[in-house]
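Two complexes are shown next, each including subunit A; its partner changes from subunit B in the first to subunit C in the second.
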Partner chain A sequence: MKTWNLSQLDDLFAAIAGRQTLYIPADAAGQPAFTRWEPGLAMTRALNTGRSAKDLFFPQVENLAAFQISGKTISVSPAQSPEEDYVIFGVRACDCRSFDILDSVFLAEPADTFYQARRAHATVITLACTEPEETCFCTSLGIDPQAPGGDISCWMAEGRLYLQANTPKGEALLASLPDLGEGEKPETNPSVFDKLPLKDLDFSVFQEKPLLDWFNSPLWESLSQSCLGCGSCTFVCPTCQCYDVRDFEGGGTVRRFRCWDSCMYSDFTMMAHGTNRPTQKERFRQRFLHKLVYHPNNHQGQIGCVGCGRCLQKCPISMNIVKVAKALKEGSV
Partner chain B sequence: MQRSVIETAASLLETGVCTRVLGWKTGEFFYDVTPAVFTSAEEVRKDMVFTPFCGANLSKYLIAESRKEGKIAVFLKPCDTFSFVQLQKEHRICRENVYAVGVQCPGMSDPDALKALGLKGLTGCVQEGDTLRVDTLYGEKAVPLADALSLRCRGCKSKRLHDCDAIIGTQGKDLQTSRFAQVEALEAMTAEERFAFWRKELSKCIRCNACRNVCPACSCETCVFDNPDSGVQNKAAASSFEENLFHIIRAFHVAGRCTDCGECTRVCPQHIPLHLLNRKLIKDMNTLYGVYQAGADFETKPPMLAFTLEDPEASIITQGRNGQ
Partner chain C sequence: MNMRQDPLIPMVAQVTDIRTDTPDVKTFRVVGLDGKKPFSHIPGQCAMLSMPGVGEALFSITSSPTNEDYMEFSIKKCGCVTNWLHAIEPGQQITLRGPYGNGFPVDTDFAGKDLLFIAGGIGLAPLRSVINYVRHYRQRYGTVDIVYGARSKEDLVDYQEILEQWCREEGVNVHLTIDNPQPDWDGHVGFVPNYVKELGFDTGKTVVMCGPPIMIKFTLAGLEELGFQRDQVYTTFELKMKCALGKCGRCNIGDQYVCKDGPVFRLDQMTRLPDEY
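Here is the complex of A and B:
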């Protein structure tokens, strides 16, 4: 295992950034976000970023093509897929697991080439958690926050950073940083994870009963009654993956881009005949059943939530996947 | 206070004054209450709460709820009653279907305020006089109540409860707080500094629309930004210009109707100080057209709907009526 003195973390960032573009979680106007490292940029002290690490593979807005219209001819220039190698440092175990969920959607044939290129060019360095928030429930989804995965796993303990390569890509990056020392990571005390209030959530029941039982639950009415239909829960969620394709028109040029969409929005999957989710109840149900039932049903039981707790922290009315899952479970017995 | 709110709600249902109660429902933690409609006294006694974490303003829900069959009782804090009156002024609420209970407010606390103090892993909280004893995963911490106050309560404009059928606690008064101090600080900046401040803040926006959807002044059936025929519909900003425009247009659309209830800033997941935009417009309108508070009464004409020949032309002059 490699090690580095934490008091010189900046030097390590500089060494990585000398080879590839580096993103670290840093505070931008008081809000932690993955930010391109430049000399002087400090890592945030917050546990996790407001928006998740998925931004770096699936950005909120991404150009797909540009059209130039002159007379009767239209010339099309497709957007270039990203070709630059880059490193993401400080990804938590929950966000790292979210990449598996996103992969199962975006890399399934036909693969999403933009996402695929970004994934292929990235080296993910994860960071083990020692101080979870009360809203964290990764452990109840089988994620070990102290063995976070990715191309390289990192631990911070006793003033040092410990780095362990998990993949050839991770090994190559570590090998390119010759000043790293050798060392063994000291044992950390994980007892705080046993105290997490949501550690015993069990989502298995959602695969045990037929889909329609959940779909037709009478509880959706009351669960969704105060939902504002905003997109906060969707846009902070590391596993939400829906997007819309839009045209930005400016005279003779049209820029076609995709942008995140939310099933909580009234025009989500709008069709010529109108929408098939006419009220907030149906939209709300879509978001939660997608994560708890539809995604696992289609992907060998993989639940579409990684327990990062962002939706628990950010929903304006404090309605979230934990409350929904608990209520549905109680209501079904 | 908690007990009288619950008992009032339960007895309103038991005595048939109303068939539904709009209040706050307990959650997983001490702070994550959800607005909810209760239909029986049992439900109320089981799940309804009134704690220092009931920040959510319930008045906007009355747009839909007051149109339903039967009477609904609603619990409103002083700032919420301004929205309640303003919504009635805009003919958005059927008043005859509402029984409004005003609850005097000690100031609402906010989990974000606790986290800003460096507290992590919040698991429990009890109030003892002016102190909150907060249990965390990392031990117990005592926090002065004043330090846990939410941003908007620090600039509370009034403790007066407007247009209520009943009041719990005592009627309050308008307050003099320095709620425009930060606006003045922004005005004192150079244009470049101010632009940089807003670019930095607004570039955090993820266009989740929570600010708009929670706002009692944003009650259009279809927002211009959701209307595919408007030409300005944007689900995500295609450029930083559009991103800024959303906020500035929204601030102008609610000008003279925004009661400064503070919900937009409370709900923003990216902690953008949206209230500063609204307060700037409130401050300017006060200067140009005389002091006006949206939602304070039913009679006063809002400055954007009233016209007198003496009105200054804000677009071509920089001085207001009183020369300021």
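Here is the complex of A and C:
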């Protein structure tokens, strides 16, 4: 295993950035976010970023194509594919798991080539957690926050950074960096995670009963009652992947772009003749059943949540997947 | 030119002919820029049709795959994209991508069966593809019954084709109905679900149904009264879509995406799913 002195972390970032574009979690624009590294940019002290690492593979807005229209004729120019290799440093185990979930949607045939290209060009460097937040519950989803995946896994201990390559891409990057020392993987301390208040959530129950039992639960009425439909949960969620496709017309060119959307919004399923999810109850139910039942049904039991706790922190009315899962489970006994 | 192949990037196609079917339905004939049919499809499959700057929406392909020359879409004027389409003239280019969805099992489950088609209003559009496919390969199927209803005689889509071709074909029985009596109509008057019950079909038939959700629900109840099982009945759904690839996340009924798992479902497959459509 390779090591590096944490007091010279800047030099490591400079060495990586000398080869590829580097993103690190840094305090930017009011909250920690994955930010392009430039000399002087320091890593955030926060455990995790406000928005998840999905932004780097599935940006909030991206152009798909441009159309030139002249009289009755149309010509199409597809947007350029991302072609530069880049490195994301400091991805936590929860966000790293979210890539698997996003992959199962975007890389399913026919693959989304925009997402696919970003995934292929990225080298993901994860960072093990040592001090979780009270809102963390990744361990309930079978994630080990002290053994994150990615192309390279990192641990910070006793003033040093320890790096372990997990893939050929990770090995290539480590091999290209000069002056890395050799060391042993540091001791980890799992006991801190055993004390987390949400460590014992059970998500397996949602696969054990028919879909309609969950759908028809009388609890949706009360659970959804205070939901404002603001969509904050979907925007900070590392696994929310729903998108809209829209056109912007200006200067004789129409740009077709893709942007994040939210099933919590009233126009999400609105068609010319109306919507099949007319109230917040149906939209709220869609969001949670998608993560707890529908996605797992379609992807070998893979729950559409990674326990990062962002929605617990951000929801203005403190409603979240933990409360919903607990209520449904207890209501079903 | 960048020849990027992403499933969201459409091809350019051309509308070569527009037929006015009813006061609010037109049928658009579409070919690629090379003058040929844009792509092949299975009856019941759909395509994303768009005018950049106006929007993109999913429509069922109403022409049969056996038509080698062009594709047709019967489209009701009811929203943003469809209003635009109803205002265009032949020669207009549009964008197109597809085909999407599973289509009807015309070469498997339907083979050798007596078929009963039930359609309401613009719901004939996806069934026309199947009906003309079945007529083309007539010997592969048993008897064909078509029950089709609309608000008025003027609202019957493909009326000329029905009269001049379907009604004259041996082994094809057409049963038309309209909601209210009108002077120039001597056919049946009444709603589709009741008419189906009145006609009282043999329960050995395979049913292919499309229409407004309310028609589907009442007709299914009537069919069950007659002794039909849900696994004999096929229908096709439509919900809002942006990608038609199972990724944008909005056309699901429970864990099934209408765009890729449907739009065709056998009704017994819907029993475990919510009534959210």
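Definition applied: the second predicted complex is superposed on the first by the 332 of 333 C-alpha atoms of A that agree within 3 Å, B and C clash if a C-alpha of one lies under 4 Å from a C-alpha of the other, contacts with A are read in each partner's own complex, and residues count from 1 in each chain.
The definition used in the following text is that a residue touches a chain if its C-beta (ideal position, glycine included) is under 8 Å from a C-beta of that chain, and two chains touch if they have at least 3 such contacts.
Here the structure is a predicted model, which means the values were calculated and not measured.
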item	value
Fit or clash - subunit C, subunit B, common subunit A	fit
First, second, both or neither for A:S318, with subunit B first and subunit C second	first
Touched partner set for A:D261, first subunit B, second subunit C, both or neither	both
First, second, both or neither for A:P210, with subunit B first and subunit C second	second
First, second, both or neither for A:D244, with subunit B first and subunit C second	both
First (subunit B), second (subunit C), both or neither touched by A:C230	first
First (subunit B), second (subunit C), both or neither touched by A:A28	first
Partner chain in contact with A:K72 - subunit B first, subunit C second, else both or neither	second
Touched partner set for A:L6, first subunit B, second subunit C, both or neither	neither
Minimal inter-chain CA distance - subunit C and subunit B, angstrom	9
Touching both subunit B and subunit C, residues of subunit A	244, 261
Of all residues in subunit A, those that touch subunit C in their complex	64-65, 67, 69, 72-81, 105-106, 108, 110, 112-114, 210-212, 215-216, 241-245, 247, 249, 254, 256, 258, 261, 263, 268-273, 275-277, 282, 286, 289-290, 293-295, 297-298
Parts of subunit A lying in touch with subunit B, wherever the complex brings them together	28-31, 33, 47, 50-51, 60-61, 131-134, 192, 195-198, 222, 225-226, 228-232, 234-236, 244, 246, 248, 255, 257, 259-262, 265-267, 312-314, 316-320, 322-323, 326
List of subunit C residues in touch with subunit A within their complex	1-12, 52-56, 78-80, 82, 89, 91-95, 239-240, 242-243, 245-252, 254-255, 272-274, 276-277
Of all residues in subunit B, those that touch subunit A in their complex	27-29, 31-37, 56, 61, 111, 120-123, 136-138, 200-201, 203-204, 206-210, 212-214, 226, 228, 234-238, 263, 266-267, 269-271
